[in-house]
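Going in written order, the chains are labelled A, B, C, D, E and F, and every chain counts its residues from 1.
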Amino acid sequence: MAIPLVPKILRSHLLELASKDERIDGRGRWEGRQTKLEVDILPRAEGSAKVTMGDTIVYAGVKFQLMTPYSDRPNEGGLMCSAEVRPVAGRNWEPGPPSAESIELGRVVDRGIRESGCIDVKSLCIIPGEKAWQVILDLFAISDDGNLFDAFALAAIAALKNAKVPCERFEVGQDHLLEVSSMPIMCSYHKVGNRFVYDASKKEELGGDERIHITLGEANHVHSLQKGLKGIFSADEFVEIMEKAKDTSKELRKLVNSVVGE
Amino acid sequence: MGGYGDIKMIDENGLRMDGRSATDVRPITIETGVVPVADGSCRMTWGTNDVIVAVYGPMEAHPRKIQRQDRAVLDVRYNMAPFSTTDRIRPGFNRRSREISKVTADALASVVLLEMYPRSKIRVEIEVICAEAGTRCVGLTAASVALADAGIPMTDMVVSVASGKINDVVVCDLNKEEDNYGEADLPMGVLPNTGEIVFLQMDGDLSPEQFQTAWDYNVNAAMEVHKIMIEALKNGGAK
Amino acid sequence: MAIPLVPKILRSHLLELASKDERIDGRGRWEGRQTKLEVDILPRAEGSAKVTMGDTIVYAGVKFQLMTPYSDRPNEGGLMCSAEVRPVAGRNWEPGPPSAESIELGRVVDRGIRESGCIDVKSLCIIPGEKAWQVILDLFAISDDGNLFDAFALAAIAALKNAKVPCERFEVGQDHLLEVSSMPIMCSYHKVGNRFVYDASKKEELGGDERIHITLGEANHVHSLQKGLKGIFSADEFVEIMEKAKDTSKELRKLVNSVVGE
Amino acid sequence: MGGYGDIKMIDENGLRMDGRSATDVRPITIETGVVPVADGSCRMTWGTNDVIVAVYGPMEAHPRKIQRQDRAVLDVRYNMAPFSTTDRIRPGFNRRSREISKVTADALASVVLLEMYPRSKIRVEIEVICAEAGTRCVGLTAASVALADAGIPMTDMVVSVASGKINDVVVCDLNKEEDNYGEADLPMGVLPNTGEIVFLQMDGDLSPEQFQTAWDYNVNAAMEVHKIMIEALKNGGAK
Amino acid sequence: MGGYGDIKMIDENGLRMDGRSATDVRPITIETGVVPVADGSCRMTWGTNDVIVAVYGPMEAHPRKIQRQDRAVLDVRYNMAPFSTTDRIRPGFNRRSREISKVTADALASVVLLEMYPRSKIRVEIEVICAEAGTRCVGLTAASVALADAGIPMTDMVVSVASGKINDVVVCDLNKEEDNYGEADLPMGVLPNTGEIVFLQMDGDLSPEQFQTAWDYNVNAAMEVHKIMIEALKNGGAK
Amino acid sequence: MAIPLVPKILRSHLLELASKDERIDGRGRWEGRQTKLEVDILPRAEGSAKVTMGDTIVYAGVKFQLMTPYSDRPNEGGLMCSAEVRPVAGRNWEPGPPSAESIELGRVVDRGIRESGCIDVKSLCIIPGEKAWQVILDLFAISDDGNLFDAFALAAIAALKNAKVPCERFEVGQDHLLEVSSMPIMCSYHKVGNRFVYDASKKEELGGDERIHITLGEANHVHSLQKGLKGIFSADEFVEIMEKAKDTSKELRKLVNSVVGE
């Protein structure tokens, strides 16, 4: 991303708002933006989802390819997650090889999905040692107004739960839904004006400090964490956002279920 | 161009497999303002094609060495999303995308009043979310709308349509199946106010007479598509 | 290519010449530069040609490799065309990854050859599904004084018509000439001082506007078109250059035949 | 995280295969000044991990576009030598290394007084010569020592430790075998003076209670490791 | 160096397979002005080798960061055309070409009066159109001629020749077959006015005595080749 | 490498010292820095060495992989040598793709090893046409105070002589030492203040002219030469350093034998 030139004035404005416990768009500290989830919207993908969180808009698409299992894991298929933020998504996203920001974004979302074990790679095996499915999950941002992490993670799990394995096209049986055994949900918190807020907007990201990404599964098991950007936080601060993440992840899980069915 | 086998793409009544006549264009929808963080944007669906264009700028051109003293630089990127086709497209460098980006930029630079913004840059980002056939035409046309949505002054809009040939018959606006088995493809970018051309490519095989027919189909279709563009810009904003 | 710094003065000079229907090197509007075609001049290539058009000089070389046909087209070999303009060819051609200019040049020349169907990829098959020839056509500019497009296209078809399939070296039969069933010819027109001229020199390219490339086959069938660079043209203008291209392509076809035999 | 098979990694007495208790850290050595041409450097061995860090700077940041008017730029690279693992690592671009470099830089930038050196650059080069498990923790910790060796002012050192889970039991500082079969990994970067956190990653599966245990193990272990760091800096120079 | 099998490359009369004696050089032709748009150029054929060199400059060095205040930058590129060898060469980055470009630049920089053109750049483009053996020698020698053709002042020309060893016998100027089965290769760049050296590489196996013989062969051959170069420059222009 | 900014003053200082036959660190003209060789110091490598020459420090690591022999050489394995100078090694070594300096360094060291024939690639074959060893030699600089060439070359041969072929891990027999049939030794000379010196330090490299690298084998056979950097030298100069290289290589050969055994 190009270096944004305004953050100093923005920072002091955000600090002032924080002292009155206010946010730049009027939200409460733990309040997310309006979130809309649509699925099955990409005709060429086997699974797809679109997430709109305020002015942040992302797509997720799931494609399948046949692969030969690795010789040391003959009973397993593969899961590949690729996140791209192309320059379409905002003034500061530039063309060229992936930036460190973009790599971190992709890897953190990938770990949230992967480490939850929601896709059992053994279930992707067709003929041991010979043929297996590789699931490719592509995340694609159209409009970045902050918190691409949560938008990507939400679109990712919804697209997976909505994906049909194209057995017929590849002549290996009948089409069926991809098995997704659990539902990891990511909640991200950004330190803005000396305290963490949920679902930071782009302005809050630009004028804020560190961010913390928490991926929770069933029974509030932790599957993935990441602290990003320069900044220091205390154990107490962490305990507070972890508690909030437990509540928020429950609500988002309900949203996914209401859209794709349980 | 494929030209494989003996598949019959046009029936005895001159109708195509999707029921269109030789000169019919696929259904089109246009919506502006779909990328809220952009200065202008447009989503255009055209048959099963689904293309999103965002425009950023005019803004300072950096690094300085790319600046032009007398006009704005027009930076156009055409890209297909990995999930936009039946076989996934690997992200990254791609000669086809580079060429389409260049000819699209050349076409748009012919109508955008770049001289009004010296030393600045205008970015046009064309993303194909779902591809059928004719994505370069959809991208160029949608880019015109997005530039208008961003308030960038132009001498005219560019409307792009491709006619082609199947079973030795010239038809307008090939769909996917027709494109797979087609024998020629003639994409053009037309200025609706003057009928002049800013974009032209062609490959395959067309006799001089077939070529003239395809050309005429394109110019006529462009006038129709232009009406839909004007309507969308009048309505403004996202639905 | 590096940005040339003189075009403004050059443009007005060209405009003035155009108003008197003159060209900077004294040629008539539809007059090409002196063109010399030599074939079989590269000892390590199976087919080769050198084209000299005024001070523009290019080589074409044809090489053969064995390939396994693609599984969805088991009866076909392949044709690959690669055009390189290395910095040797002129002050403004710079080292580094291929520029958009260079990519367009290669792809337009490639389409002219490919879309004419002059090489029947089915004739390149040796054993269906197992072995086929890949024809590799390499275009290489030594001196760029304008209109590399036509020079490359002419060298390309001459090198192909002159190519010997090296069956003996690869132990798959006897050497024989590559089958080339037709002869696509490219004619390029550049708008210089408000009207199109044929075979623009480098100076005309630098100070001109758009260019149009037309590839014609037998019976004036159109195989490939490309409009390049910023510029607007009318249907009437196009009709005029298309008619000229019909004449010029006939002459160039004669030249090729006179050098490589029909 | 692997989590494969039913291998027993902890015996009936709660001891691990290498004889450590759940909270024991592997043996650590620290030596400064090991890269004579650098402004500061450190070699840290931690179990079989062998990591060398060199610090260059503060020096002029060039090209100028990377300069910041109000502070130094901290340029951190984490890299694994090709012979550092059982399967050779091919040199070159690597997404994992890029991410670890970034989070390490973010952690160090939280404590280095970058404002003292406007327009300059400080380079931190972390090279893993031999890898066991937890190389990112060793790299971050050793980088703190090398920065101190270079005389770069910091508000505190960063001490990084990872606890994890094997056979559903939380243990501190996973070794290679434990990491291969482990079910979770929680690397943290702790400031010993305040107990605050500047680095945090986690993957695998931890219940809320297990998570708390792993967190506490890390904070306690960091205090121990910090003593060794202080001792090494007092001794100074290469042995 | 190959050194394969027991192929006899030298007959009982000491003659090589192409009829040359141990000290004979392959036939050479030199033509200047072959790249009309360049400031200086040269085509050199040497056996079946066919090499074209173009020189551009002195011209302004940009970007500015590559400029040197007290002299010109010499930018040399050695490249083999894809059709220059029996097996096609893929265009693109190539470690061998990068090394040859560097040592060629180092050799030429030793004789070109770079101090006469501060802040400027001289580009030397060496293109191997057809390769036999010894392309680096042909390239370096032809580059000298092209620089002279461009009027760039030099303290001396560089003449480059390689002697080698086949069947344990030292011979001058290996041809392709000799190179394939050869046991050593010693390319040198000689200044004919002084007999000094600006270019030297070697690989294979040479005893101290064989080494001295190969060295002497090279120096003597260079004097002969130099005469052809002088002749070509006197004749000037393309034939 | 970044362009160093001090060499002019440094050059004249070195010139002055040379006129008194002195060196900047007090050494004699043909005197090397104190050299320490350690082997078997990388637990994850099958062979390894560390060389310390004054303040220059490098590692060499040998790894083995199974490969399929090339079809035209079915009885041979492979030897790959890769030299990396990462930014850890000095202020002037920058990140990014390998520089021309770095490529030359790697290729010169590689040729010294390869051309000596010390590794017989035929001895690396396990099953002709099917399975062979690929030996990968990685050279890695930790601290560059000049003359990385000799340090790399010394570490390379020591690591090879110390390498164990890991047959057991790959299930192709019993582990055994890699066969190394001879011992090439590189000696490098740098022209500093108008005369050549042995084992130049970084300061001498920065303020000096050309360098010459000589790799000698048994009986003083020459295996590899390279002249690097701008500069002219005479036959007499070369004869002088060649004689010195014969002596010095003998001593270094003794050092290797004393550490790894003959």
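Simple rule for what comes next: a contact is a pair of C-beta atoms (placed from the backbone, for glycine too) under 8 Å apart; a residue touches a chain by one contact, two chains touch by 3 or more.
These numbers come from a predicted model, not from an experiment.
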Checklist entry - Which neighbours does chain D have in common with chain E? => result F
Checklist outcome for this item: For chain C and chain E, the touch-path distance in steps comes out at 1
Next on the checklist: With centres defined by CA atoms only, which chain is the most remote from chain F?
Outcome noted: B
Checklist outcome for this item: In whole angstrom, the CA-centroid distance of chain A from chain D equals 27
Checklist entry - From the C-alpha centre of chain B to that of chain D, how far is it in Å? => result 52
Checklist entry - If you average the Cα atoms of chain A and of chain E to get two centres, how far apart are those centres in Å? => result 58
Checklist outcome for this item: chain A residues touching 2+ other chains are none
Checklist entry - Which residue numbers or ranges of chain B touch two or more of the other chains? => result none
Item to check | Running round the ring (origin chain A, first step to chain B), the chains in order | outcome: A, B, C, E, F, D
Checklist entry - Residues of chain C touching chain E in their complex? => result 42-45, 48, 55, 57, 59, 61-63, 65, 82, 84, 86-91, 95, 136, 138, 140, 142-145, 202
Item to check | chain F-touching residues of chain E, taken from the complex the two chains share | outcome: 1, 95-96, 98-99, 101-103, 106-107, 109-111, 186, 191, 194-208, 211, 215, 219
Checklist entry - Which residues, counting only chain B, touch chain A once they are in their complex? => result 34-38, 48, 52, 54, 56, 59, 62, 77, 79, 81-86, 88, 91, 123, 125, 127, 129-131
Checklist outcome for this item: The answer for chain A against chain D in the complex is residues 98, 100-101, 103-104, 106-107, 111, 114-117, 210, 212, 217, 219-235, 238
